[in-house]
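Labels run A, B and C following the written order; every chain starts at residue 1.
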Amino acid sequence: MLRSEFTNVIDLTDYGTDWWLDVVKLASDIYDAPEKYSSAAAGKVMATLFYEPSTRTQMSFQAAMLKLGGALIGFDNPATSSVAKGENLKDTTKIVSSYSDILVMRHPEEGAAKAAALTADCPIINAGDGSHLHPSQTLLDMLTLYREKGRLTDLTIGLCGDLLNGRTVHSMCNALCRFKGIRFVLISTEELGMPAYIKEMLDAAGCAYEENPSLEDAIGGLDMLYMTRVQKERFSSEAEYERLKNAYTLDPAKMAKGRDDLIVLHPLPRVDEISMDVDDDPRALYFKQAKYGLYARMALILTVLRDPKRGSELLKGEKHEGVSCPNAKCITRRERYLPKTFISRGGYLECEYCSYRQKV
Amino acid sequence: MLRSEFTNVIDLTDYGTDWWLDVVKLASDIYDAPEKYSSAAAGKVMATLFYEPSTRTQMSFQAAMLKLGGALIGFDNPATSSVAKGENLKDTTKIVSSYSDILVMRHPEEGAAKAAALTADCPIINAGDGSHLHPSQTLLDMLTLYREKGRLTDLTIGLCGDLLNGRTVHSMCNALCRFKGIRFVLISTEELGMPAYIKEMLDAAGCAYEENPSLEDAIGGLDMLYMTRVQKERFSSEAEYERLKNAYTLDPAKMAKGRDDLIVLHPLPRVDEISMDVDDDPRALYFKQAKYGLYARMALILTVLRDPKRGSELLKGEKHEGVSCPNAKCITRRERYLPKTFISRGGYLECEYCSYRQKV
Amino acid sequence: MLRSEFTNVIDLTDYGTDWWLDVVKLASDIYDAPEKYSSAAAGKVMATLFYEPSTRTQMSFQAAMLKLGGALIGFDNPATSSVAKGENLKDTTKIVSSYSDILVMRHPEEGAAKAAALTADCPIINAGDGSHLHPSQTLLDMLTLYREKGRLTDLTIGLCGDLLNGRTVHSMCNALCRFKGIRFVLISTEELGMPAYIKEMLDAAGCAYEENPSLEDAIGGLDMLYMTRVQKERFSSEAEYERLKNAYTLDPAKMAKGRDDLIVLHPLPRVDEISMDVDDDPRALYFKQAKYGLYARMALILTVLRDPKRGSELLKGEKHEGVSCPNAKCITRRERYLPKTFISRGGYLECEYCSYRQKV
């Protein structure tokens, strides 16, 4: 087993729901009284290492650190960074972490944050590793529910759009299925439906769900509707896209069928899946949700900085002679020095970096 | 009428000359005793959203905020920012403004800052919208006069170079014509002369001006000479440029004809219109003027932060059936959701975003 | 003679060894008790003007300023900076220095920092001018020796790799040859050997050195081994590179021949010249050396800010009718307005910007 001495936030499920709730409650408290926290990170430096541009996420983390009284270094684009281009991940993160008190990393490859945490000299927060994990997004979604619905239990939640490829909705299922009385309504085309392994996870957790291809039908029964981007190129053809896109576009007519206490979220940026004339509806909470993101990240940073050496398990699995991860987006493909370890699950080996499962 | 609850600085003429003078006097006070203001913005976050690179303006605003004890987020280039590329202006500025206490925006399209202010959740300062408006430049020019000449009245001001396309000199006319005893000397070729509507504005304000194609002739009568860039491509031909460029280049020989109390300004960057051997002349104040820019921006930021919810009128005009703005650089051309409103002026409709006038 | 009123750090040899030791000791003190210095630069603004990307150096300087409680402006890439592209060095640095308390400059051309210091309105630290000088690198190497060996005297130091083109090792020779009991072992191929003028300098200083083409042979006698990058394109042929590269790669087998109190440094980034399985050897100090870089830069910034107007000599030489510097990388080639001055040394004229020597 390989541990880090630091309090890393790579995957929310490394922590229990109590820890999540502590972060959410802290975020809520910061929201109500930010001035109490305005020097909480004074004298600390946070590095934001963004190996792909994600301006909104980066600015949200940066504003969060600044509102805690901390300071910032970092880069935002591999094209303009000599470090990001020319050097292995270990050397870069080892050096930057020796300058910093906390490191926030975004990377296009899956498992990058965990790989960096193996050798870094400060705690790491994963701000998105490819389409794999993005824990602060899940925390801000929970904060939004906590503030706007008053609870994380007994909710009917519609997930609409591209459920096949949507990291955000997968994480939400994985997180909320642990709370009681959660019921999901999965709203998508057949082609873009929720992957089987997520549905198996919901079943295993005893979490109810139904599938309903019609947003118009489903909206009336929801406490919360989570919209996601539907990218044209995900459809089987241009014609198919044109035929279906209206069905999955939220507009005032569909909003009229929703309850008064419905709330509508979206991880943003949107393309066309929510029409702009929904923005002024008081149930449209996606901009407020983005604002909650600031507070969720303040709470996350503060939680780490208050107890930076809690330690965390990184690799629990084992090497298997001659086996490497076949996922082309896995960080072990580029960073060859990483120990290639896997966890055995049934007849599968799960890569400990990117979670890809291969048959044994 | 569409108002913002915030204190935006989109167009200086939204405020009266008393307000300008308050900002200029505050800037002057900060210049004399910066330490009194070193924590004035503590705990506040300013976002600089630069949709086109303008490094000097951005650094000036950033240094201003830092010298007030505030903090910074932002981006400097659409090419390296995922937000600037992929998203409408409303969503980006709505989200970033929810993280920030003040937002400074530079944009290549005219009317962009006003468009953003319609929905933003914090005050906006316009740091240049195309070739339209740049209020902090005008304030720093006024501060320079106030500090170096001791007054904003009874001055003979030479404006030299490309007066046709020069945003800076148009704004200066618009601002200073409101003070008594201002007299302009317009120094340029016929082709690059001051536009008719500016001269009409000066006439309407009862502000004296004369046109003089010779810098050499005119310089002896000036209290202040404002030089501007003359770009080769503005001339009718390369030959014309070669013939005329020396006439509009300020050099030691021409400086010798200026008075001892002349001051020379330039918005910078210069190309060749001021020769470098003028730099050591004590009347060459363009570098000091750039330094005043820091203090003008400190005063502007502080004025907004001290009273962020003064409110401001944004759209006072009306929609006209079937009418849109024909200006290709107008922000309404790209951001289709914006209400297209116009103010009727004589036989014209003036676009409320970019000020372009079309015949009815 | 042309002086600046400010305390510039362009070339370490502008200062005596006592000054270096003061900086090193201050850095060591900050390392031991950083909290004593956490507000030492409060209210100060540092500009980092990076005319070429060098992310690690820039982040090290930035973290240093932030850990002193100071604030930052700057740019990191000419491609995304309007200032860096469109303007002469004088105007840019003159303006930015009027916003700043200290300016850190990286530039691809040799002599750029000195050129900027001629007219800047605040102190300048040279963070690398082409392959010419990089004083903070030398200070951090000295700090590493001071902390890890307890002395800067009586050391046997191996320099390995490309000694012909390595700015870092040239600077180290120039610095350490001034301390007593230093002995260099120069480990490289004949083609990539130490230039004659460095060996002459060592001779003149009475500093012992020997040449040894075999790292394996030499390592056993060393107190410190300084590895440097060996770039494939420096070799006379691909075949030559393949034949020699293993000889100059540090691996566990060679480490086994080193003494227990050997320390291994590298300016980083490395390519293949240190294999990653050396990283866990306690004698491998290159990551710790990078961390010392943070403290060396804190001490350097603080030393300048404590006494910013100590003054410094910039040009001591003379113009020579019709003579300009033939070095294509010299800053005087692009910035034509600079006074072209030279120092006579024997039958040579040495350019005061880039140190290039031409025969008279």
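In this section, contacts are C-beta pairs under 8 Å (C-beta built on N, C-alpha and C of every residue); 3 or more make two chains touch, one makes a residue touch a chain.
All of these numbers come straight from a predicted model, not from anything done at the bench.
Between the two copies, subunit A and subunit B, the Cα superposition rotates by 120°, quoted to the nearest 5. Here subunit B and subunit C face each other with different sets of residues for the most part; under half of the interface numbers are shared between them.
Between the CA-based centres of subunit B and subunit C the separation comes to 42 Å, rounded to the whole angstrom. Counting partner chains per residue, subunit A has residues 80 touching two or more of them.
In the complex of the two chains, the subunit C residues touching subunit B come out as 43, 45, 47, 71-75, 80-84, 86-87, 90-92, 94-96, 98-100, 121, 337. Taken together, the subunit B residues at the contact with subunit C in this complex read 35, 38, 53-56, 59-60, 62-63, 66-67, 69, 76-77, 79-80, 268-270, 276, 287-288, 290-291, 294.
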